[in-house]
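Note that chain A is present in both complexes that follow, paired respectively with chain B and with chain C.
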Partner chain A sequence: MKEVLLTILVFSPLLGMAALLLVHGTQERRIKWVGILGTLPALSISLYLYGHYLAGHSLNVFSEKAGWIRFGDFQQIDPKLFTVDYELSVDGFSLLMVLLTTVLSTLAAVASIHIKKEWKGYYLLFLLLEIGMLGVFLAQNLVLFFIFFEITLIPAFFLIGKWGYAQKERAAFSFLIYNGFGSAVLLLVIITLLARAGTTNIEALKYLINTEGVPLVSPIPSSMKYGMLIALLIAFGVKLPIFPLHTWMLRVHVQAPPSIVMLHAGVLLKIGAFGIIRFGLGIFPDQFKDLSVLIIVLGVINLLYGAFLAFIQQDFKMVLAYSSISHMGIVLMGLGSLNEAGLQGAIFQVVSHGLIAALLFCLVGIFYERVKTTSIKDLGGLSSVMPITAGFLLASAMASLGLPGMSGFISEFMAFLGLFKADPILAAIGTLGIILTAVYLLRAAMGMIFGKPKLQVNSEAVRDMETAEMVPVFILLAFIILIGVYPAVLSNPLADTIQNILSGSGG
Partner chain B sequence: MLDKGDEDAMMEIAWIIPLFPLLSFLLLLAAGRVLKEKSAYIGILLTLCSFLFSVLVLWGRIRGDTYKAEADWLNIGEAHIKAGFEVNQLNALMLVIVSLVSFLVHLYSKGYMQREDRLPVFYAYLGLFTFAMLGLVISPNLLQLYIFWELVGLGSFLLIGFYFYKEEAKAAAKKAFIMTRIGDVGLFIGMILLFWKTGSFDFQVIFQEVEGGGITQSMITLTAILIFIGAMGKSGQFPLHTWLPDAMEGPTPVSALIHAATMVAAGVYLVAAMYPLFLASTSAMLIVASIGGLTAIFAASIGLVQRDIKRILAYSTVSQLGYMMLALGTGGYTAGVFHLMTHAFFKALLFLAAGSVIHAVHTQDVEEMGGLWKKLRITGPVFLIGTLAISGVPLFSGFFSKDEILSSAWENGNYVLFGLAVIAAFFTAFYMFRLFFLVFSGRLKKQGVLVHESPRSMTFPMIILAVLAVISGYINTPWFGTFLGSWLTEGNPYLEPEHRSGPVWIMGAATLVSLAGIALAYLIYRRNSISREWLGGEGSFLHTVLYNKYYVDEFYQGTIVWLTGFVSIFLSYIDRFIVEGLVNGIAASIHKLGRLLSRFQTGQTQHYGAIAFLGLAVLVIIFALTGGMFG
Partner chain C sequence: MDLDTLLSYKWGAMAPEFIILGASVLLSLLDLFLPKTYKRNSLAWFALAGVILALISLGTLISGGTVSILNNTFRLDSFSIAFKFILLLGSALVILIAHSYQPKEGFRAFRGEFYYLFLTGLLGAMFMASSGDLITLFVGLELLSVSSYILAGMRKTSQESNEAAMKYVINGGIATAITLFGMSYLYGLSGTTNISEMAKIMSGQAAEHQYLYLYGLAFFMVLIGLSFKIAAAPFHMWAPDVYQGSPTPVASYLSVISKTAGFILLLRLILTLFLTIPGDKADLSFLEQNSTYIGCLAGITIIAGNVAALRQRNIKRMFAYSSIAQAGYILAGITALGYFTFDAVWFYLLAYVFMNLGAFAVIQLMTDQSNSGDISEFAGLYRRSPVAALSFSIFLLSLAGIPGTAGFIGKLTIFMNTLMTEPGHFLLASLMIAGTVISYFYYFGIMVQMFFRPQAAEGRVVLPAGIGAVVMIALAGTLILGLAPNSAFTFLHHNFGSFNDFLK
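== the complex of A and B ==
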C-alpha cells in the first residue's frame, strides 16, 4: 500500500469525479455534497502522512517509481539516460504543501456553495485542479512536474472564465497567456536540461550540475546555468508573481469566484515559490547565491510596490491582490538571505499566506453574497449588520498584517531575521513594508467594518454568517493561530529540507 | 514561617496569572451572546483571581529569589528560541499594579457601561488586553515581550475603536495602531540586531554580552536607541505622541486602564527591563532623558489650554510618562519605576473620577461644567486627592516620586533637563487645578441635566485608588526609608544599590513650585482675581498654537501622509501605463505579427509545400553548421 499511496493521493479526486458523473446535473445539493466529499480522500491521506511523520517515521518509504518514457536507446551507456520515469516522492516541504492543498481544497469546496450555476461542471473541474496541484508538489522530475503544472492551468482557466464576475473572460485569457508564457519558458529549461544532462530527475540534476568533474552528455557552461536560473525565475516569477509580471493576477483576483481565488491565491501562486525553491535554489545553488542580492532587491520591490498600490485601491479584492504581491516579496527576501532563518521564513510565508489569503477570500465570498459589492467606499459599518463576519474579517486583516500570535508574524519575523543577517541595509528598507502593510490593511478593513452602515449595506435584510459558512472560516483561523502560537508544527518537518537546500549552496 | 520551597511554589504558578483574563476573553467571545450582562461578573471574577495570584507571586518574590522557567518554542537551525516566564522584582511589582488596576476597572465598568448592548464584547476586549499586558510583564526574553507588546496594541486598538460607528473612534483606533507600529518597527529591528550580536533574545544573555564587551559601543547605542523608539511609540513620547490624546475616543474605563495606568507605561517598563543595555551607552541615556524631558514640558504646555476633560488628562499622561523617561535617562531607575507605580494609581483614579463626572453631566467640555463639588460627594473628594497627588503636594504619593525624579535629574548634572522638569511640575499643578476648579467650583453651565452620584460599583474602585494615591508614596520616602528602591536594586549586578541622593532643598523647591501652580489656578479660575487672558486669551498666538497642539498632526498630514499618497498614486500610474502598457504593447505587436503571417495562409497547397521545404532546408543548414545534435 505504501508504495502506491502517493499515486492514490494524487488521483483520489478522480473518485469524486466519477461519482459526480453519476449525479444528475440539476441536483444542486447532491452535487455539492459529492464535490465536497470528493476532496476528503486526499485530505485524509495527507493527514495520515503528517501523522506518519509525527510518529517519527521516515517519509522515504512512500517514494515510488515506474519506468515511463524512453528517448532513444542508450541502454549500453547508462540505463537511466534519456528516460523520464513516473516518480513521486514526499519530503517535509512537499508534505506541508500537500497539506495546504488538501486542506484548502476541502474548505474551498465548502465555500463553493455560493456557486450559482452548472455545479456539476464546476466540481468536475475543481477536482481536476486538485489533481494537478497535488501532482506538482509530489513529482520528482521536471517533466512530470510540468505535466501536472499544465493540468492546473486548464481547469483554472475554465473555472475563472465561466464562473467568474463581469470581466471573467478577459481575466481567464490573461491568466492563460501569462501562465502559458511562463510554461513555455519553463519548458525550454526542462528540455535544455534533459538534452544536456540526460535526465530531469531533481535529485540527479542537483548532483550532476553541482559536482565538479561529473561527465554530462553535453557540458553546461556557467553562463548557461545563469541563463537557466533566470529563465526559471521568470517562469515561476509569473506565477508568484514578481514585479513586473503581476498584472494578470490582479484580474484573476478580482474576476474569479472567491472560492477559486482561495485556491488560486492559496495554492496556485505558491507553486511559483515552490518552483523557485525546489528548482531554482535546489538545482542551481551556486548561481542562486550569486544572484541573491538581486532576489532580495526584487523582494523588497515587491513588498513595497504591492503595499503602496494596495493603499489606494477602491475595491477590497484589489487591495488583497496587491497585498498578495506585497506578501510574496517577503518570500523572495527570505530566499535571498540564504540562511536558515530566511529560508524558513520564506517557506512559512508560503504556507501562512496561503491560509490567510484563502481566509480573506472566503470572507469576501460570504459578504459579497449578501451585499453584492466589494467596493470599500460603498461598504462601511459591516460590524452593525453582520458582527460575526466583521469580526472574522478584522481577525484575518490582523493575521495578514503580521500580528503576533498568528502565522503571518512568524514568517515575517523569520524572513527579516534572516535578511538582517544577510543584508541589514536592504532589510531596514524592507521594514517600511511592515508599517505600510498595517496602513493599507487597516484602511481597507476598517473602511468596511467601522463607521456608520452605508445605504448599500442597510438596504437589504442582511443576515450574518451561517454555520456552513463558518466552518471553513473557523478552521482556517484555527490553523493560522496554531502556527502563530506553536510554530514547531511547521518548523519541525522543514528542518531537514532546509538543511538539504543550504548544504547544496555550500552555505 | 514559609520555607524556601513555598516561595518558589508561589512563583512557579505565575504563568497562570495571564491565563485568567485569556479565559475570560475566550469565554465571553464564545458565550457572550448568551451571558449578556452576566459577562461582567465573569470578567471581574477572573481578573480578581489574577490579582490574588499576583499578590502571592509578589509575596513569593519579596521573600524568595528570582524565578525563571522556559522551554523551546521555535528552532531556527542551531538557534533555539525559548518561551517561558520570569519573576523578578520589577515584573512582580508590575503584575500587581496591572492586575489590580485591571480588576478595579473591570468592576467600575459594570456601572459605567451598564446600558451598553455590547457589554460582553467590551469585557472580552478588556480580558484580551489584560492577558496581553500580564503576559508582557512576565516575558523573560525580548521576542516574547515583543509578541505581547503587539497584542496589548491590539487590545488598545479594539477598545479605542469600541464605538466603531463613530468616525472619530475609527480614526483614533487606526492612528493608535499605526503610530505605535512605527515605533514597534524600531523595537523589531533593535531586537533582531541584538539577536545576531548576542545569539539570544534572552534578557540575561544580552546583558552578559553587553557587559562582557561582546558588542561594539556603537552597536549598543544603536540598538538601545532602536528599542527606545519602540518605547516612544507605546508611551506616547514626542514626536510619536499624537495618538494618545486621540485614544480618548475609547470608553473612559479603557482610558484609565490602558491609556493611563498600564499599556502606555509599557514603554517605561521596556526601558527599565532593558536598563543594563541603556546604562552601557551614555548617548542612549542622554537621548532617553532629553526626549523624556522635552515630552514632559511639551505635553504639559498643551494641557494648559485644552477644554476636553479627558484630553487634559491625556496630555497630562504624556507629560508624566516623559517624567518617567527623564528619570530613567538620568540614571534614576528607582525614581522611574516608583513614579510609574504612583502614576498608575493616581492617574487611573483621575480617569475613573472623570468618567464619573462625564457619567453625571454627559459632556466632556470642562467649560460647560462647574459646581459639581456639592453634587458629587464621593467623586469630588477622590478627584481632589488625585489632583493633589499628581500636582506633587506633600504627603501625597506623587510628591515623593516626583521628588525622586527631580533629585535624579539634578544629581545627573543635567541642569537644563532639571529646569524643564521643574517648569513642567509648575504647569502640571496649574492645569490640574484649573481642571479641578472648572469642574467642581462655580456653577454648572450646561442646562437640563440631572446630576447624580455614580453607583457603588463605580465609587468603590475610585475609593480604593484614592487610598493608594495617598499611601503608595510611603514605600519609598527619604523620611521613613527607601524600601522600594532597596528592594528593586537588591541583587541586581547592573544597578547601583539605592542611596538617597540630591540635596534636601529640591524637596522644598518642588513643593513651592507646585503650590505656586495651584495658587495661580486658584486666583484665575476660582477667585477670578486674575484675568484668564493675562497671558493671551483665545485667539492670541500663544493660545492658538497650544490649543492646536503645536500643529504636529497637521505637520504629519502635510508631509508623511501626503507623501505616502503621492508615492502610491505615482506607482499606480506606473502600474497602469508602463507595466500594463508594456504588456499590452507586446500583445498588440504579436497581434500584428499574426496578421502579417496570416497573409501566408493563402489556402494554396503549393505555397504551404514551398514554405515547409524552406523550413526544412534552414534546419538542415543549422544542423550542419553547428556540427550535429550534441555538439
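== the complex of A and C ==
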C-alpha cells in the first residue's frame, strides 16, 4: 500500500469524477455533494501523510518509481540514459504544498455551491485540476512535472472561460497564452536538460549539473546554465507572477468565479514559487547565488508595484489581485536572501498567502452573491447589513497585512529577517512595502465595512452568511491563526528541505 | 534478363504492393461491370480489406531482414517497412472516413472511382518508401501525384473542387519538374540512377570542390520540389485552396498520406545521398553543412502556417495551415541529424496519422452537409454530441502538443533531437515553441466554439459507423501513444533496430 499511496493520492479525484459521470446533469444538489466528497479521499490521504510525518517516520517509504518512456535504445551503454520514469516522492516541502492543495480543494469545492450552471462539467474539470496540482508537487522528474503542470492549464482555461464573469473568455485566453508561453519556455529548459544530460530526474540533475567533469551526452557550458536558470525564472515568473509578466493574472482574478480564484491564487500561483525553489534553486544553486541580487530587486519591485497599484484600485478584486503580486514579491525577496530565515520566510509566505488569498476570495464570493458588486464605493457599510461576513473580512484583511498572531506576520518577519542579513539596503526599501500593505488593505477594508450603508447594500433581501458558507471561512481562518501562533507546524517539515537547499548552494 | 533470373527474385518482398495493386485492379473492374443501380459505397469494405491484408502481409515481412530485388531498384529494409506501416494504417482510416462521406452534391456517382484511385495513390507512396533507384522513386511519386490530382477534382459538379484540382495539377506539375531537374543533375554527376551506387560514386568524387556547386544545385532543386509536396512554406500556397475545394476524405488523404510520402522521399533521397558526400569543411558532410537551409525552411513553415491559421474562419483552410505547421515540426526533426531523427519523424508521423485523421473525421461529420465550413458550425457541439466534442478536443490538444496526448511525445522527441546535437539548434527550437503557443489561439478557438457558444443548430449529431470507428481508433491511438509511448518506441526498436540497414 505504501508503495502506491502517492499514486492513489494524486489520482484519487478520478473516483469522484467517475461517480459524477453516473449522476444525471440536472440533479444539482447531488452533483455538488459528489463533487465535494470527491475531494475528500485526497484530503484524508494527505492528512494521513502528515500524521505519519508527525509520528516521526520517514517520508521516503512512500517514494515510488516505475519505468515509463525509453527514448532510443541505449540499454547496452547505460540503462538509465534517455529514460523518463514515472516517479513520485514526497518530502517536507511538497507535503506542505500537497496539504495546502487538498485543504483548499475541499474548501473551494464547498465554496463552489454558488456555481449557477452546468455543475457536472464544472466539478469534473475541478477534480481534474486537483489531479494536476497534486501531481506537480510530487513529481520527481521534470517531464512528469511538466505533464501535471499542463494538466492544470486545460481545466483552468475552461473553468475560467465558461463559469466566469462578463469578460471571461478574454481572461481565459489571456491565461492560456501567458501560461502557454511560460510552459513553452519551461519545456525548452526541460528538453535541453534531457537532451544534454540524458535524464530529467531532479536528484540526478543536481549531481550532473553541479559536479565538474561528469561525462554528459552533450556539453552544458556555464553560459547555458545561466540561460536555463533565467528561462526557468521567466517560466515560473509568469505563474508567480513577477512584474511585468502579471497582466493575465489580474484578468483571471477579476473574471474567474471566486471558488476557482481560491485555487488559482491559493495553489496555482504557488506552483511558480515551488518551481523556482525546486528547480531554479535546486538544480542551479551556484548560478542562483550569482543572480540573487537580481531576484531580490525583482522581489522589491513586485512588492512596491503591487502595493502602489492596489492602493488606487476601485474594485476589491483588483485590490486583492495587486495584493497577490505584492505578496509574491516577499517570496522572491526571501529566496534571494539565500539564508535559512529568508528561505523559511519565502516558503511560509507561499503557504500563508495561499490560505489568506483563498479566504479573501471565498468572502468575495459570498458577498458578491448577495450584493452583485465588488466595487469598494458601492459596498460601504457592509458591517450593518452582513455583520458576520464583515467581521471575517476584517479578520482576513488583518491577516493579509501581517498582524502578529496570524500567518502573514510570521512569513513577512522571517523573510525580512533573512533579507536584512543578506542585503540591508534593499531590505530597507522593501519595508516601505509593508507599510503600504497596511495602508491599501485598511483603505479597502474600512471603505467596505464601515461608513454609511450604501443603496445597493441597504436592502432587506440581503441575508448574512449561511452555515455552509461559514465552514470554509472558519477552517481557513483557523489555519491562518494556527500558523501564526504555532509556526512549528510549518517549520518542522521544512527544516530538512531548507538544509538541503542551503548545502546545495554552499551557503 | 531471362525467366530464371526473374523467378529467382524474392517476390514475396513486394507482397503488400501486389495486394494493393490487385485490389485496385479488381475494384476498377467491379466499378466498370457492376450495374449502375448498385450502391458503390460498399466497395469501401473491399478496399479496406485490401489495405488490411496488405498490412498483415507487411507484418509477416518484418522479421525477414533486408531484401533487395530487381537490380536493387526495390528495397525492403526496416525504413520502408516502418513507414509503409504508417501509410497503410492511415489509408485504412481514410477509407473509413470516405465510407461515411455524404456530401450534398456530386460525389455519389464517382464513389467507385474514388476507392481505386485512392489505392493507386497508396501504391505509389509505398513504392516510394521502398525504392532504391531514382526511376522507381519517380514513378512512385508520379503515381501518387496523378491519382491525387484526380481525387481532388472528384466532386465534378462543384466549382470549388474543380478549382482545387486545377491548382493542384499546376503546382504539382511545377514541383515535379523541379524535382526531376534536380535528379537529372544527380544522374549527370554519377552516371547511374541507383541510389546506393550513386552514393558510393559521389563520396569518391567529393575531394574535387568544383562538384560541390553542382551537388548544391541538385540538393536545392530536389528540396524545393519536395517542399511543394509536403507543403512547406514558402511553397505551401496551393494547400489551403486544394484542401478547401477537395472532398473531405481527399483533403484528409492529402494532409496525411501524401505528406507522409513526401517525407519518406525526402529522407530516402536527401539522407542517403547527401549525408555520404563530404563537404568542403573537415568532418562535416555536405548535408550537415547545409542543414541550416532545411532549418530555415522548417522555421518559416512553422511560423507561416501557424500565423496564417489564426485568421481562418473556414475549418478546412484552418486545418490546411495547421498541417503546414505540423510539416514544419517534422522538418525540424530532419534538420538536426541526431540519433533520434528517425525515431522522431516516425513517431510524429504515426501520432499525426491518428490525431489529424481523427480531427478530419469530425470535420467531415460537421461540414459535409453545409457548404460554408465556417467554424461557427461547431458552436455548441458539446450539447449536440458530447462524444464528438470531447474526442475532437483531444485531437486538437494533441495537435497543439498538450501532454497526455501523442502530439506531446512527438514534439518532445523532435525537440530532444534538435537540442541534442552540438551545437544545438536553439533558434529552431524557439521557433517551434513560439509556433506552438500561437497555435493555442486557433485550436482553443475551436474548443471555445464547441463548449462555450450556444448551439448552432438543433438536434443531436449522430456519428455514422465509419466516422465513429475512425474517431474511436484515432482516440485510442492518440491517448495510448501519449500515455504509454513506450508501446510505439519498443515496437520501433525491437523490430527495426536503429535503421542500420538504411544507408547500406
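Keep in mind that, in the parts below, the second predicted complex is superposed on the first by the 505 of 507 C-alpha atoms of A that agree within 3 Å, B and C clash if a C-alpha of one lies under 4 Å from a C-alpha of the other, contacts with A are read in each partner's own complex, and residues count from 1 in each chain.
Rule of thumb we're sticking to: a residue touches a chain if its C-beta (ideal position, glycine included) is under 8 Å from a C-beta of that chain, and two chains touch if they have at least 3 such contacts.
What you see is a predicted model; the values in this text were computed from it and never measured.
Undergrad: Using the touch definition from the top, say if A:G72 reaches chain B (first), chain C (second), both or neither.
TA: second
Undergrad: Quick one: is A:I115 in contact with chain B, with chain C, with both, or with neither? Answer first, second, both or neither.
TA: Neither chain B nor chain C is touched by A:I115.
Undergrad: Regarding the shared-chain residue A:A195, is it in contact with chain B (first), chain C (second), both, or neither?
TA: Once the two structures are laid over each other on A, A:A195 reaches both partners.
Undergrad: Under the stated touch criterion, which partner chain does A:M398 make contact with: chain B (first), chain C (second), both, or neither?
TA: The first partner, chain B, only.
Undergrad: For A:I260, using the defined touch cut-off, is the partner it touches chain B, chain C, both, or neither? Pick first, second, both or neither.
TA: Touch status of A:I260: no partner.
Undergrad: Under the stated touch criterion, which partner chain does A:I410 make contact with: chain B (first), chain C (second), both, or neither?
TA: After superposition on chain A, A:I410 lies in contact with chain B alone.
Undergrad: May I ask you to decide whether A:C362 touches chain B, chain C, both, or neither, giving the answer as first, second, both or neither?
TA: The answer is neither, since A:C362 touches no partner chain.
Undergrad: In the superposed arrangement, does A:F450 touch chain B (first), chain C (second), both or neither?
TA: First partner only, chain B.
Undergrad: Of the two partners chain B and chain C, indicate the one touching more residues belonging to chain A.
TA: Touching more residues of chain A than the other partner does is B.
Undergrad: Look at A:F158 in the shared chain and tell me whether it touches chain B only, chain C only, both, or neither; answer first, second, both or neither.
TA: In the superposition, A:F158 contacts chain C only.
Undergrad: Under the contact rule defined above, give the chain A residues that sit at the interface with chain B and also at the interface with chain C.
TA: On chain A, the overlap between the chain B and chain C contacts is residues 177, 195, 217-218.
Undergrad: Which residues of chain A touch chain C in their complex?
TA: These residues of chain A touch chain C: 67-73, 82, 143, 146-147, 150-151, 153-154, 157-158, 161-162, 169, 173, 176-177, 180-181, 184-185, 187-188, 191-192, 194-196, 217-219.
Undergrad: Show which residues of chain A lie in contact with chain B when the two form their complex.
TA: Within the complex, chain A contacts chain B at residues 177, 195, 217-218, 243-244, 246-247, 305, 308-309, 311-312, 339-341, 344, 381, 383-384, 398, 403-405, 409-410, 413-414, 416-417, 420-421, 424, 427-428, 431, 434-436, 438-439, 442-443, 446, 449-453, 487-488, 491-492, 495, 498.
Undergrad: Please name which positions on chain B make contact with chain A in the complex.
TA: Its residues touching chain A are 72-79, 143, 146-148, 150-151, 154, 161, 164-165, 167, 169-170, 173-174, 177-178, 181-182, 185, 188-189, 192-193, 195-196, 564-565, 567-569, 571-572, 575, 578-580, 582-583, 587, 630-631.
Undergrad: Could you pull out which chain C residues touch chain A in their complex?
TA: Interface residues on the chain C side: 339-340, 343, 397, 402-404, 408-409, 412-413, 415-417, 419-422, 424, 429-430, 433-434, 436-437, 440-441, 444, 447-448, 451-452, 484-486, 489-490, 493, 497-498.
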